[in-house]
Structure formats: structure tokens, C-alpha cells
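Shown below is the structure under consideration.
So that you can tell them apart, the chains are marked A, B, C and D in the order they are listed, and the count of residues begins at 1 in each.
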Amino acid sequence: MKILADVREAYGLKIVTEALDESGVDMVERYGDMIQLGARNMQNFSLLKRAGRSHLPVLLKRGLSATLDEWLLAAEYIMSEGNYNVVLCERGIRTFAQHTRNTLDLAAIPAVRRISHLPVIVDPSHGTGKNFMVTPLARAGVAVGADGLIVEVHDQPERALSDGAQALTLDQYEALVNEVRAIHEVIAPTPVG
Amino acid sequence: MKILADVREAYGLKIVTEALDESGVDMVERYGDMIQLGARNMQNFSLLKRAGRSHLPVLLKRGLSATLDEWLLAAEYIMSEGNYNVVLCERGIRTFAQHTRNTLDLAAIPAVRRISHLPVIVDPSHGTGKNFMVTPLARAGVAVGADGLIVEVHDQPERALSDGAQALTLDQYEALVNEVRAIHEVIAPTPVG
Amino acid sequence: MKILADVREAYGLKIVTEALDESGVDMVERYGDMIQLGARNMQNFSLLKRAGRSHLPVLLKRGLSATLDEWLLAAEYIMSEGNYNVVLCERGIRTFAQHTRNTLDLAAIPAVRRISHLPVIVDPSHGTGKNFMVTPLARAGVAVGADGLIVEVHDQPERALSDGAQALTLDQYEALVNEVRAIHEVIAPTPVG
Amino acid sequence: MKILADVREAYGLKIVTEALDESGVDMVERYGDMIQLGARNMQNFSLLKRAGRSHLPVLLKRGLSATLDEWLLAAEYIMSEGNYNVVLCERGIRTFAQHTRNTLDLAAIPAVRRISHLPVIVDPSHGTGKNFMVTPLARAGVAVGADGLIVEVHDQPERALSDGAQALTLDQYEALVNEVRAIHEVIAPTPVG
């Protein structure tokens, strides 16, 4: 994780990285800018509370079989400890469908929007698990009204240590950014913040 | 169904309407322009074959728990009888999620695109079941690359005989058309045929 | 189907066989003793109504993604035409689980029992799709209170034209019958009908 | 948790209780006899590893959307730390079905049996969430070949602090024990250890 901090130093990028347990939160606080809590930990209540006592913002991924209520209640566990900087992330749910790694539930975006003030972003990489689907679903995520995207990118996806099958190349990523910016302008001509 | 034919006459609109059984196909052939086969009939093989012997194009909705293979094989039942004018329609699958009537599986669009030449459209009305979600999901459907949309519209949704909760008003529909046209231009600057 | 009638004649067995469409019901009425309606046709309303006008009893399989209400309402379509001899059959639902062909939902048996007078049986063959699971799930079906079982049997499963992987041999079938009879006595020491 | 230890002292009962986090394991080690890891923690890898360093046996509940592989791999996390005393527990998966709290997947028992040496038990209380279903599903669990049951019992379910709707009364529990013993004898006439 020290390497991430060096990259931050050298390039000015902010670092979002996952904490798998309470001591992981200590690490992210030292070297990162935002704590990611993974889908498998969405109901790890001790971890949620520890993140709630952090000064860093938290990215809370939706559990694989989490209802909307369970997801928002998990966010409450964080906020009840005093940390209100929570961003929700839809990353796909587990269904019978086999053509994707998970089924990206984009209707969750307007559903969350209606009952919560929390920002919500979309992860089309884990949500699909397949390179050729990432850009279309990223476009859809912005079109449905998400506040942001989280996308896996690798300069040589075939050499990635994990999740290479769903990583975009740098060229694909650049094209994606241009497309989603144009879509965002269509649906939100005036700045919202 | 005679009324639909009168409307067609008066306004020049094309009529797509559902055939629930083989005699329903006779009716649509007489008064309509396209035969819709509903999600609950996606594996009604006698009906699929009857539609395959029609001169009208067929709109084949995905079954509530249909895999991609099952959906495309249902289309094969139609095409094997000689009718190649089949349009697929994603209208949501059944999952544990309760914030929508069905879970709209937009990743099915690029997945179908990759293995089939058939056009595929999106139904954000049945796919969500809720008025306030229809426009965001319609935008997402176009952004993901669908060839079209099917949307419920009613001049007075609160008086609709069925599915009023998911119907758009005429004003909402007009706004939707403008938005999806703009999104379509972003993702498809050159005509595709 | 004539062959089935000959078997019935020769051995005195009753014949339950599936009608895929309305003309199939005519056939079963001629040669069979009970009309089976398959999971994929559970919401084929024309077929349900035709079976409702038959003098034969009907075996109504649960749809792959049918709720309890939808299943019982499908039975109502049959009964509303005057045929009250409907037997329900749980044969597994579609879920994310991949270790079986379908997920046998045995809790549906007491759930149906509580709100309906209709008899309900269990199909452990389609419910699992695997030979080694059929006997355990058949035992469980009887233990949960089902009124009967429907089991695939083949004297040479490896030569079966379809569904061989889930068929029991004659020896396995005989052992199963002995076990489920003993379980039935445990849970229902006095006759219930 | 001190109270549980007092009960153990007074009545000679063994105590199985849940550890929600690593410090919870310390507590169970002090006052209990077996560590339960809940469905929501099935992929809490730090907790799994901590339980793997305990001298107490571990009851590992299946996650709400866990595949068989994921469940067995979670058990591997425990065993890889040296603790081989792991008992698996099927407690229902999340599906579209709404007549139960979860869908009890009893086919998981023979499926686990075939690929693992680990004992596997059934939880018909969480698996159904409804008092009237607990006994039938407990019987089914034993009939399908489970090594044991875990059942919620309360002398006054209507006054239970949690999960009262699925708790059995003492009389119901006694009747259940008699029934499942008789079923167990049917399927396993010779002692298995």
C-alpha cells in the first residue's frame, strides 16, 4: 500500500482502496484517500462501524444479494458513528443469468435517489465481468443518472494479476470518458453541484 | 381489436399487439402490423411456430427466468418456420430485488448483439413497473445500445385500465423522446443501416 | 401416444402425459388418464382453460419463476372452467444455484397446504436433474408432507432418449418406494383420506 | 455471554453462539463450546482465519447467495489455519420466492456430501422464518440426509426478543425430536458413528 501512496505523491491521483478488516482501515487511513468496503463485507458490522469512525470518505458496495433496505441500513451503520461521507456503489447482484458475472441492477440508481440523499455510482466492470460489456454499461450507468463510475483499467489487461477479463485498455478508457461526458451533458445540462 | 385497426386507419400508426394463443395470431394478422409474444408465452412452442408461419414481424419478449440461450432458441422456433422478422425485447427478469417489478437486465443487450443478428429493444415500463423509473431506464436502454424502446403511455395514467402505475404522461413521453434521441446521437454518430 | 394406451391396456397402469397445446389435450383425452401441464406452460392461459373443460384430472407443474400466488391462480384458470381435479407439482425454481438443474423449494408444500385444498406432489427428478440426488429429495418430499411423488425411472438410464441423467434404475426405484413408505408412516400414522 | 456459561454449568448443555468479529471469537472461546459464523460473515476472511486459529469447532452458515464452491472455500479458509472441526449449515438462500424468509436448498446436502467430508446440518428456522413450516422442513432435512438440525425454541415465542415468529414451543420441539428420530432410523438403520 506504500506504493499507492508513492503514486499519489508522484501523480497527484487520489487513492480509493479496499479495507478487508478493521486493521485494513488503519492502513487506508495512512496511505489512501477513500475507504472501499466490498460487496462481501456489506454486512460486516464491526467493519462498518470502524469505517464510521474514520475521517476518510467511504465507498460502500452493494452486497450480492442485498435489498435496497439492507444496503441503506449498512450505510446507516457507518453514519451512526459520525462519518456522513458515504458513497454507494451498485456492482451487480446475483441472479440466475449466466451471460454476465453479476446482473447490474441499474434501476437501483433512481430507486436509491428517491429515498436517500447519498451519492450512488456504478461499477460496470464487476457488474459484467466482460471487457466488451463495460463501455455499454458504463454509458447506461451515466444515462440512468449515476453520480459516477468506477472502472477497471489496465495498460495490458492480458497480464493483469486479477480481473483482466473485465479491464479496459487505456484507449478504450479514453473513448469511454468521452462518451459518458457527452451523455452526462444530455441528461444534466445544468451543473448539479 | 377492430378499434386498433380504426386507429391505424385514422392516424397512420402501426399496430403492435399481443397474441395470447394461435387464434390470437389470426386476429393480429387481420388488424395489426406486428405480433407481440409475451414473456409468459416465450416457451409456448405451438404459439411460436404459428407466429413463424405468419407474414407479420414478431416481437418476442424475454421470459421472466429465461437464459440468453433459451430466448434465442425461442426465436429459432419462429425462424425455423420461415419468418425471419423477429425482434427481441428485454423486459426484466425475476430476481430477489423488490424495489422494481422486475430487474431490467441491460447487459443482455450487448450479450445478444455479440451472438445474434436479431435486433433487440428494451421495455423500461414492465422492466421497472414504476413511472418515475421509466425515463431513466429508457435512457439507459438506448445508451447500452438497444435498437429501440417500447414504452407505456397514457393521457391519464391514473385512469388506465391496467399498468397505470408504469405509464408515462404525454408530456413525459415527449421529454423522453428528446433525451433518448440526443443519447442515440452520442453513441451512434454514423447511421447503422 | 397410441403406444401408451396399449401399455395401459396390457398392464393396467394409468397414464399421465403432457399436453403441449390445446390439440394435445384432445390426444391425452383419447389415450391417457391425466393431463400434465408443464412448467413452461403454467401461464399459457388458453391451454389452462382447455384443460379446465376436460373430464380428466390435471397435473399442474409450477413455473420456473412462479410465485405461490401465480401458481394457485393458474389452478384457478382450470377450475373456473369447471374442472376441480387439479394436482399441483413442485418441480424446482430457477435460482443462482448451479449444483442442481433447479432449486427444489420444499417449503412450498406446507405453504400451499395452508392456503389451498389442492393436493401437491414433488418432482425430485426435474427438481435436481441428477440421479444421486433423486432418492434423498424424494424422501425429503414425503417428509415435508407432499401427497405424492413423480419420479423418472428407466431400465437403462444411459440409453434414455431424454433426461437419462436424472432417471432412476428399477432397483433404485424399488428401494426408494420402500424408504418413502416408511417415512410416510412416521409422519402420518393415521390415514388422511 | 457470562449467562450462557452459567447455564452450561448448571445444566450441562453445550453452548454454540455466534462470533460477529474477531474479538467475538475471544469471547466464545472463554464461555462457549462452538463458534457460529453467520451467513452475512461467510466471506469475512479475517474472521474465518481467526476461527481457524481457535481450538473450538466452528459452525459455518452458508451465505445468502453463496454457491457450493464459495461455501466450501470459506471452510478452507478456516481449515487452512489448522482447525479441521468445521460443520456446514444450510440455512436458506435468497430467491424471488416470497412465501418464506429464505428458500431452503435441501439439495445442497447430498451435493456437499458428494464432494466434501465435512458434516452438514440444516436450519429450518431461518430457512423458512415461519413457525408452521419449521417441523415439516426439519423432517425433510433429516430425510435428505443432514447430520443434524439447528432449531429455534422458546418457551413463549410471542415474547421472544428476536425471531419469535420462527421459534417452536417446547411441546412442538419435543414432537419434532420424536419424528426426526423415527425418520433417521428409516434412512440409516445402522449407526454411522
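The criterion applied here is as follows: a contact is a pair of C-beta atoms (placed from the backbone, for glycine too) under 8 Å apart; a residue touches a chain by one contact, two chains touch by 3 or more.
The structure displayed is predicted, hence computed values, not measured ones.
More contacting C-beta pairs link the chains of A-B than the other of the two pairs A-C and A-B. Two copies of one sequence, subunit C and subunit D, touch each other mainly through matching residues, since over half of the numbers at the interface are common to both. For the pair subunit A and subunit C, the distance between C-alpha centroids works out to 45 Å.
Distance between subunit A and subunit B, defined via averaged C-alpha coordinates, is recorded as 31 Å. Each of residues 65, 94-96 in subunit D touches at least two other chains. Across the interface of their complex, subunit A is touched by residues 94-96 of subunit C. On subunit A, the positions that touch subunit B within their shared complex are 65, 67-68, 93, 95-100, 103-111, 114, 127-128, 132-133, 136-137, 139-145, 179, 182-183, 186-187. Looking at the complex, you find that subunit B touches subunit C at residues 20-22, 40-41, 43-47, 64-65, 94.
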